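In structure tokens below, several structures.
Below are two complexes that have subunit A in common, paired first with subunit B and then with subunit C.
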Partner chain A sequence: MTRIRRKIPVWSITLQVVWFIIVVFPLYWMTITAFKERADVFPLPTFLPWVDFEPTLSAFRTVFGQYRSQLFNALANSAIASLVGAFVATFAGALAGYGLARFDYRQFGWKNDNMAFFFISQRMMPPVAVVFPFLLMYRYAGVLDRAWSLGIAYALFNLPLAIWITRDAFRAVPAEVEESGLVDGCTRLGVFYKISLPIAFPGLVTAFFVSIIFAWNEFLFALILTFRRSQTLPVLISGQANELGAYWWIMSALGLIGIIPMVVLGLYAQKWLVRGLSAGSVKG
Partner chain B sequence: MSRVLFDHVWKSYASVEVVRDLNLAVEEGEFLVLVGPSGCGKSTTLRMLAGLEDVTRGNIHIGDRNVTYAEPRERDIAMVFQSYALYPHMSVEENIGFGLRNRGVANAEIDKRVKNVSSMLEIGHLLERRPRNLSGGQRQRVALGRAIVREAGVFLMDEPLSNLDAQLRVSMRSEIIKLHQRIRSTTVYVTHDQVEALTMGSRIAVLKDGRLMQADTAENLYERPGSVFVATFIGSPAMNILSGTVEGGDGGPSIRSRQFKWPVDPKASLKPGTQIVFGMRPEHLIVGAEGQTGNPATVTLIESTGNEAVVLLDAGGDVLKAKVPGRVRLTVGQIVSVSADQSELHFFDATTEERIRA
Partner chain C sequence: MDRQGKKRSLVPVLFVAPALLLVIVLTVIPLLSSLALSFLNWDFGNRMAPVRWAGLSHWARLFSDTHFHYVMLTTLLYFVVGIPIQFFIGLGLARSIDRARRQQNWLRIIFLIPMMLSPVVVAFVVGRVMFNEAVGPVNAVLMAGGLPTVPWLTNSIGAFVTVLIVDTWQWVPFFMLVLLAGLSALSNEVEDAARLDTTSDIQAFWRVTFPMLLPWSVTAILIRSIEMLKIADVIVVLTNGGPGIATESLTLYAYRVGVVNFDLGYAATLAFSLAIVATVVATVILAATRRLVERLT
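== the complex of A and B ==
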């Protein structure tokens, strides 16, 4: 295959540079701020370390010292809520997605596409609209301020996307491959576990990944449904801006720490996020 | 090895009848081919036998069991799909052994049988590979192997060769036949290709619009087609079909079609005055020089394949195809006389289009 060499026009490069700055600057700002001291944060900056200020680990010292128990508590809560949210959403979503992909439903005049749209429409609803009903329900059920129950709420929010993504993944599994499994001695459920699930696995990983990122970063539900015991990381971070002022360097250090698990997960999941596992199954 | 029986089987989707009152037995060890144009219900029939489609009415028996309501896994069948349907996440070895593993066959036994089958199909060196790293022909063999290894009572094949290129198709065709002669399993094979059907089937069932038209050996289908449909479907180029009226006369009986007279064998004992449809295969038409006995016709096209040629003739508005052996000394536009081998004429009822048994 020969590659076509093409000159990229100036306006396109300009646009890309502007976009790059918009995307990267906040991250950069957060990173350098995490290595500042209180006194260095406010003076007019050039944003360059060693020019504006001398980088220091003092924010991290505070975070791992004074904030230690709060930080680890928040990390643990975030992890529990995110994992519950992602696992439940992916598992239930896969079952629903498989059903929508493989069987023809007709319930109350609704067909598969109507149902799929109904599911995805749940995601269009503004979370603010339902957070107080959730608060009431959770209080009534006595499950407020628990990481796992927050995870259930996340699962509900993640489910529409998980269904949508897994439905697509299962659609890509050829029907004949499943039928072949039926003839080869599998039950319907056996076909699902032994054939469809492994083939659609990259889709499930995608659904899990999207779900866990959402849950890890979620703020509103975490703020309303948890208090002290089950505070998550985003709530802890935002708590650093209070009536005494904003502790930007602490927030930045916490933010950096909060990014790490998702980056690691992303690197690990990458090989699964590559599509095309089903290639070679059918046709010549 | 089991016998298969379709007993008054119907299949309909909503209001569309796909298979209508199918009665057909496949004997033990027989290689039966289901053939017909697309939409004739042949694939549906096979899928009903496999348990992948529900039967609307009637019963299907495999061996002495009524399997009409049995799950696919309970039917003791093995199937080769048109798309091969290999498991993409398993190696060739796992693909072939999958059915055995599901049935709880011991590992040592699975190993032995997989080795056997893969050496029989000459894919022993591919066992570690994934399907995506195989060529079309190799995938085809794996799909075959996966079916053979099961040693099931009935073998089902749904157009297994239609995704291969022409050359490979011909060689796989003879390999499948050889394979069948070796393992002698009851086989039901679906194709839309009449050449495949004729060369492979010990018996061929011709379907049209969900109805079984005729089930017979290749020779019988060819020599005694039961209907106009079978007559034109089997054989290439297709049989010439004309219609006309039976006439008596001093020179013996004949059929008048347009302005032409086609003399017929008196033994056919056709009643003078009846409307009739009759057919003659291209190879039974005799093309002679202008003025010889026969009807005058104009050569409109010559398709030569070297050892023989198909000549298109315009006989007073009817298009006739004649197969002429050897080198053709005809030119387009030439007037010839065309007649038919009287003993090779086929007669059909003008309204039912069914064969008139002589």
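== the complex of A and C ==
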């Protein structure tokens, strides 16, 4: 068969270049701004480090000096909330993911696909529709303004994607491997724990990371369910945006500190980020 | 894998039990409570204030509350204007990258980065810094090009557009990657064959590839539409709903009514109305695509 020679059309290259600039420029701008001082920002913007301004660590010194306690508090709260949320979601999600991959629930009157859809449909619900009962529940339980209780609420957002990612991971475990375990006298739980879990473990790690990213970036629940004591990083940043809005170098430094850990996790889990978000309706 | 004729075991139920329990405690009960709250007067600021039955008064208030009408319209406009723009940019990028095998990997990764960032940071960096009216780079470029500068954040329409630009910057990669997954699942050969029969690449794409890509398009549009209807964090940082209430979304309004005015009953009503709108939008999108698929295939 003759190959059709494909020329890459001009529009295609133009679009790639333009979007590349649109994506990269703000990130570049934030990064260089974090290394600027007032004189480099006002009255005229500067563009190139070492050419039209001398990079300085003064913004980071302010952030780690004057704002130290607030920043570390917010980092700790964000870390606790994300870890708790990701752990609960991955734990419950992996068990359900295994169940949906291996068992037939028709005998209990529920088709597997319908059950999976029931879990996924959680993603469709606007968070604000459940946040006020959370506020009341947490107040009466006395757990308002706690990072761990916020984390439990995050498990709700992350459960669908954790189920989906782990279900795919368990499906990839060959059934024969499990059957040989059953023949050797392992129980179901034993097979799950000793055979399938180790093989599917990378999938669980991915689910855990993707859950952390979404919990770390979450804003509305954090805003409503925490106050000063358990303030998370996005809430701190949005608050400072109003107070320190004009101190761009400080805000940029804060922003960088907030996003770098997630970019690292995100690059590891990049293939699954989209798949988790679209929750399996698409093979990504 | 479980052979039939075996005794029914409860082990499968144990595996899904924790997840079911979580969904019931964290979603089903709160959602029903929200509905119940919408029939109550509940002053969250005053612990002594009695909780009283409000009947349908909160729901009736939706009809006379012009603030609600305004934010509902704004929220729907974000969705109606924003989603098609994001979809077509994402489609163009997906198609473009799909054929550019060599750069595909690293371009994918760079284009993916915005999705990993906190919307709050994105709103600040992409919105408030880039579009600052006095010294932001965007207006600086416009000025250098001899164009008039734009009141990006202080004018109602400008602020609305800026919110959309920020959201688009962050979420085009989602469209791009879902559609890219679709394109790689389809074979290029079908389109190339069609290319021989028709006059242009563009025609071949729209006639052959686009209909086959529909399942991926629908998924992406559905998910992003729901996300767009619940937009709030970007707006809080960018404009705080302003100027006036020009950029305020329904979620933001419900938050203010509930947490700032302590009127939990009405806040729950507003929130629940958003859940209803989201369900209607999702249903309409699915029904519309079913008809579109029937027509195209």
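Heads up, the rule we're going with is that the second predicted complex is superposed on the first by the 229 of 284 C-alpha atoms of A that agree within 3 Å, B and C clash if a C-alpha of one lies under 4 Å from a C-alpha of the other, contacts with A are read in each partner's own complex, and residues count from 1 in each chain.
Quick note on the criterion: a residue touches a chain if its C-beta (ideal position, glycine included) is under 8 Å from a C-beta of that chain, and two chains touch if they have at least 3 such contacts.
If you're wondering where the values come from, they're calculated on a predicted model, not measured in any experiment.
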* Asked: Taking the superposition as given, does A:E179 touch the first partner, subunit B, the second, subunit C, both, or neither?
  -> both
* To do: For A:P198, select first, second, both or neither according to whether it touches subunit B, subunit C, the two together, or no partner.
  => first
* Asked: Does subunit A have more residues touched by subunit B or by subunit C?
  -> C
* To do: Figure out whether A:G190 sits in contact with subunit B (first) or subunit C (second), or with both, or with neither.
  => first
* To do: For A:P127, select first, second, both or neither according to whether it touches subunit B, subunit C, the two together, or no partner.
  => second
* **Set of subunit A residues, in rising order, touched by both subunit B and subunit C** => 179, 277-279, 281-284
* Asked: Can you list the subunit A residues touching subunit C in their complex?
  -> 4, 6, 8-9, 11-13, 15-16, 19-20, 22-27, 29-30, 33, 41-45, 88, 91-93, 95-96, 98-100, 102-105, 107-108, 115, 118-119, 122-137, 152-153, 155-156, 159, 163, 175, 178-179, 188-189, 192, 213, 216-217, 219-220, 223-224, 233-234, 237-238, 241-242, 245, 248, 251-252, 255, 258-259, 262-263, 265-267, 270, 273-274, 277-279, 281-284
* Complex contact set, residues of subunit B against subunit A -> 50-52, 71-73, 77-79, 81-89, 98-99, 102-103, 130-137, 139-140, 146, 150, 156, 163-164
* Spell out the residues on subunit C that touch subunit A in their complex, using ranges where they run on. => 1-2, 8-9, 11-23, 26-27, 29-31, 33-34, 37, 42, 44, 89, 92-93, 95-97, 99-100, 103, 107-121, 123-126, 128-130, 135-137, 140, 169, 172, 174, 177-178, 181-182, 185, 192, 195-196, 201, 215-216, 219-220, 223, 226, 229-230, 232-233, 236-237, 240, 250-251, 254-255, 258-259, 264, 267-268, 271-272, 274-275, 278-279, 282
* Touching subunit B in the complex: which residues of subunit A? -> 174, 176-177, 179-187, 190, 195, 198-199, 201, 277-284
